[in-house]
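First chain A sits with chain B, and in the next complex the same chain sits with chain C.
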Partner chain A sequence: MKSTVKKENKLIKFLNSKKVVPYIFVLPFILSFSVLTLYPAIQAVVMSFQRILPGQVEFIGLANYRRLMNPVFYRAFRNTLLYTFFTLLVLIPVPMILAVFLNSKIVKFKTILRSALFIPSLTSVVVAGLIFRLIFAESGASIANQFIGLFGIDPIVWTTQSWSAIFLMVLLASWRWMGVNVLYFLAGLQSIPDEMYESADIDGANVFDKFRHITVPFLKSVTIFVTTISIIGGFRVFAESYVFWGASSPGNIATTLVSYLYQQGIQRNDMGFGAAVGVVVLIIIFLVSLIYLILTGAFKKETR
Partner chain B sequence: MTNKNRKIVSIVLTTIIAIIGFISLFPLIALIISSFRPAVELIRNGITLNIDLENFSLTNYEYLFTEAAQYWRWYGNSLIVTILTVVLSLFFSSMVGYALGVYDFKGSGIIFLCVLLTMMIPFEIMMLPLYKLIVNLGLINTYTGIILPSIVAVNAVFFFRQFATGLPTELMDAARIDGSTEYGIFFKIMVPIMKPSFGAMTILLGLNTWNNFLWPLLVIRSNDLFTLPIGLQSLVSPYESNYNVLISGAVLSVLPIVVLFILFQKYFVSGLTAGGVKG
Partner chain C sequence: MKKYLSLFGIGIAVTLMTACGGNGDDGSSEEFEADVDEEVTTGEDIEGATPLDFWTFAGTHADFFVDAAERWNEEFPDRAIQLNAQTYPFDQMHNNLLLAIQSGQGVPDIADIEIAKFSNFLQGEVQLEPLNEFIEPELDNFIEERLDIYAKDGNYYGAPTHLGATVVYYNMDIMNEAGVDIDSIETWDDYVEAGKQVVEATGVPMTVVPVNWYGFWPFIVQRGSDFFDDNGELIIDNETNVDTLEFIQDMIYEHEIAEVSPGGDYHSEEFYGFMNDAGAASMVAPLFYMKDFTEYMPDLEGKMAIRPMPVFEEGDARSVPMGGTGTVVPSQSENPELAKEFLNYAKLTEQANINLWTQLGFDPPRWDVWDSPELEEDNLYFQYFDDTIFDTLLEIRDDIEGINITEYTPDALEELETNIMHNVIRENNQTPEEALSQGAETIRSYME
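Up next is the complex of A and B:
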């Protein structure tokens, strides 16, 4: 009896000792990281070299990667690039300018506008997709077709043209993420000291000068950050395509890299091949992140 | 500039901003208005500018509340998954973040690096191997399968760690002298101080889980287990004619979030910019 009580006390003392406690605290992460992050990450690469059938896994070297060189994959790559490019075009300059407006002292109702811009990001991509599907419905009475009708253009079937497919996805993403990017730029703007603008005023600078020579340089690091996460977000695009077209669009006008991954890896259950698509996306994102780290000087040696 | 010029510029800019705000809210307003139009019209014409106040119709909502039992099952699933995920994730993520921020122990640097690395890996890359793992564990189509990957949320760990580096560690020594365990210090002293971070993370985790689409899409197989986004998306198809449930159901899935946002704006803003990643 006495020896078990002694053993329990020892265990409790051990678990409570200042040396051990931190490890107990982080244990959930260590477990979760090993099983749900590290292992799948390694598998993501390993699987790309395999053919995976129920009950049987076979190493096939670079065969999956050779299969990647097909028109659908190239189309998916092209669509993803276009999507990323256009979302960057919209979601960097526009939020920056809006943030400047929202930061200025002569604009009223700033909080309300900030909220109005932010609320779209509260919707799920499914609900957002539904709204835009309906606004851009093919009937002549839909808002989109009524709008282009004002310019004398006939109703368009928005979901079957290559250009409008990219347009819809970019529009959807822009609507949902405008507010979040505005917030990032606002945070960056608030770090600019007022004295800079005041001394520029004394020197007689006008609004555009001040923007170009004070605001933009000061926003450099925020801009690089937002650009990087936008590029990464662009290459991850899937739901924006799925909510309009599911996993397959007519003529692959809206197939993205991840749509292709989903289509092949989950729907066709060809997980090795899907993993190969995944590795390509991973390499691209890794390179983008590397460029980001270099640009922000993570590798620069400290100057003394 | 002169006072008069200032006033003019102010009015012009404010008007531009108001227009932009309206454009931003327009799609949601259109959704709400359309939910009061007969579903047949939506299927045929999509969302139109036909704000015919005469034909204001509650039929979609009537149907939703009387016949659409499936929808409410989805709502319940989303509630269960969201609440479980938030509670579990807050519990575990705060523990890890707290320890990383407050204790200086061997390996804490490496562990934090692993947290950062995990934040950088996009979910889409992991989804196939994670899916295979969940299949092998027999957790496909279960609540556990949906929730498991989210239990230790690295964004929240990061956020809690940052917050924890600013905690008053002097309190810890006093508490130790009083005989408190390290765990006691965390739960009884530090957690109350960390309340703002818990608020922000509740919002971040709650919102992301409620709206989560990709992982539930992979893991859920049966209609009864669908969460709201998956369920609603399943109604969107050229062949189905459940637009009455779809449109009213969509409104009801967004409404609680918007209401919560208006009430807890501060936490939304801090939580979501901490989240960082588009998801």
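Up next is the complex of A and C:
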């Protein structure tokens, strides 16, 4: 009896020790991460060297990667780059300015505005895509064509042209993610001490000076964070393309890297090739994020 | 050293963010949740009934099988089955089935596979049960071309849902206004001439061209050509196909009797509205499209007539079976023998084929039931069109040409829709010859 109590004590002591506790706390995450993410990720790398058919799995070396050198993949890569570039162009400066407005004293109904901006990110992208598809339907009676008609522009077949395809995807993404990014910047704004603005007022700085020399520099860490997740999100784009065109679009105008992965890997039952696309996407995201973080000096802070 | 460690740490962090959702992108995953749209079970109250799972993407198919199961249980009480019919969204059902068969986990006993996906399941070692023991003795009663679509190396793997004979639907109001006698249209040249008459008299285009296989495949098969020949060689860029695509392109840009279908296909909201408003005088589509007419174009009731396809030259087929779902029994089923026998009962027998028409409105793949009294009874489709549908079919029974399906058919369909039809028909910026040989090159690269 005595010994078991002692044993328990020992066990509890062990579990409570400062060296062990952190590991116990992160254990559930580590476990679920390794089973649900790490293992599939490693398996995907292995699969990218295989040809996978029911009852026939064989290693084929680099053949899947060699097949990547085709026009559709390049097109998908180009589309994804363009999409990422334009979403960054919209989704960083605009939310920043909106956040400043929402944070200032001159704007009324802040809560309503904030919710209105945030609600789109709660909607299912499938539902949103359906509505967008109808808005941008090709007939002259669709809302978008009626609207441009006011300016004397002829109806446009939105879903079959290269420029409008990227435009539609960026528009849908901007509409959806605006509120989330505004929230990040709003949070960042809270950390800027009021004294900075007060002393700037005393020095006679105008609104633009204050924005340029106080707000933007203080938001740097938030900006880096938002940009990084936007880059990652941009390269992973799938739903924005899928809701308009499904997995394949006319002339591949809206095929993205991930929709190419889905099309080849799942729909076409070529999982080895799909995995190869996935590995390449992973490497691209890794490199781009790394370069961006090095350029913005994020590592310097870490090592200090 | 510390620097490298932190670099590594950030590397891990980036990977994590990449993997765990970056933008909090929860929307895209919604499409892949394994939600069953609908689940119907029958026979659960029968003791000792063998459970069978059936997967489909069409609720009507589920009802059809449940009805068959009820009749089966009455007829064979000693071999009763408990059928559990599950309906999933289209893409999801095929993806799930593919993954289930690949991994050997959770495979259903019976499943519907749509034709565009079918060849995915014929790759590698085929994991489906051949249905030869049921089909071979009855072969003469079927339109064989329909069965060949689901066959590989002499084994029939799929039980067909319909014949899907391609026909021309004419809007008789417009035809009468233009003074065109549709029975005098025998060749495509006649069709073009009639089209000019229609455009002149009414200002409405004679026909519409969808920018997918509907606007190309039936026409080349009719002339004995295809994407692949009988040996599986790619022939998509042969002379007949180039000539046919030129003809289709000319209908739009040279003779100006056709338009690109609004929305690009036959199944978009734009197209239903356009057609319902008498936007075009006729359209070429398989018989299963009758359902779309009755469901989405109510204003055309009583105005549409169905005729076989015109021909390019004498000897061409008058119709080609298109589209269609094959029902299969995966080899990993726990009761493959019972599943096969039930599938035969539900879809291949004479009674089953009669039910395909009376319950689903599909033209049965067995021609020996086309003149049976049950198919002469009045129904929705006879009211909408007329009651001569099966007379038309019987008339052209020997003039039907089938399609060749290979494991690369999905690649060909994809290339056709993404590039060939887009460039030639919609954008008109490539000649058919250029587009087809360029497309052939792309498809060949998949076949290596």
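Definition applied: the second predicted complex is superposed on the first by the 255 of 304 C-alpha atoms of A that agree within 3 Å, B and C clash if a C-alpha of one lies under 4 Å from a C-alpha of the other, contacts with A are read in each partner's own complex, and residues count from 1 in each chain.
Methods note: a contact is a pair of C-beta atoms (placed from the backbone, for glycine too) under 8 Å apart; a residue touches a chain by one contact, two chains touch by 3 or more.
Because the structure is predicted, anything quoted here is derived from the model rather than measured.
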| item | value |
| --- | --- |
| Joint occupancy of chain A by chain B and chain C, clash or fit | clash |
| A:251 touches, of chain B and chain C: first, second, both or neither? | second |
| Which of chain B and chain C A:70 touches, first, second, both or neither | second |
| Contacts of A:162 with chain B and chain C, given as first, second, both or neither | neither |
| Which of chain B and chain C A:54 touches, first, second, both or neither | second |
| Partner chain(s) touched by A:296 [first = chain B, second = chain C, both, neither] | neither |
| Chain B versus chain C as contact partner of A:103, first or second or both or neither | neither |
| First (chain B), second (chain C), both or neither touched by A:267 | second |
| First (chain B), second (chain C), both or neither touched by A:227 | neither |
| Which of chain B and chain C A:238 touches, first, second, both or neither | both |
| When both partners are placed on the shared chain, which of chain B and chain C touches more of chain A | B |
| Residue range of chain C overlapping chain B upon superposition on chain A, of 19-27, 199-207, 253-261 or 379-387 | 19-27 |
| Chain B and chain C footprints on chain A, overlapping residues | 33, 37, 41, 52, 121, 124-126, 128, 134, 137-139, 177, 180, 229-230, 232-233, 236, 238-239, 242, 266, 271, 282, 285, 289 |
| Residues of chain A that touch chain C when the two form their complex | 33, 37, 41, 52-56, 67, 70-72, 121, 124-126, 128, 134, 137-139, 159-160, 176-177, 180, 228-230, 232-233, 236, 238-239, 242, 248-252, 263, 266-269, 271, 282, 285-286, 289-290, 293, 298-299, 302-303 |
| In the complex, chain C residues that touch chain A | 2-3, 6-7, 9-11, 14-20, 22-25, 27-28, 30-31, 91, 94-95, 98, 101-102, 117, 120, 123-127, 211, 262-264, 269-270, 273-274, 410-411, 414, 417-419, 422-423, 426-427, 442, 445 |
| Chain B partner contacts - residues on chain A that touch it in the complex | 16, 18-19, 21-23, 25-26, 28-30, 32-33, 35-37, 39-41, 43-44, 47, 52, 98, 101-102, 104, 106-109, 112-113, 115-139, 141-143, 146, 175, 177-180, 183-184, 187, 229-230, 232-233, 235-236, 238-239, 242-243, 258, 261, 265-266, 271, 274-275, 278-279, 281-282, 285, 289 |
| Touch list for chain B against partner chain A, complex | 6, 9-10, 13-14, 16-18, 20-22, 24-25, 27-28, 30-31, 34, 42, 44-50, 92, 95-96, 98-100, 103, 105, 107-108, 111, 114-115, 118, 120-133, 148-149, 151-152, 157, 181-183, 186, 207, 210-211, 213-214, 217-218, 228-230, 232-233, 236, 246-247, 250, 253-254, 257-258, 261-262, 265, 268-269, 272-273, 276-278 |
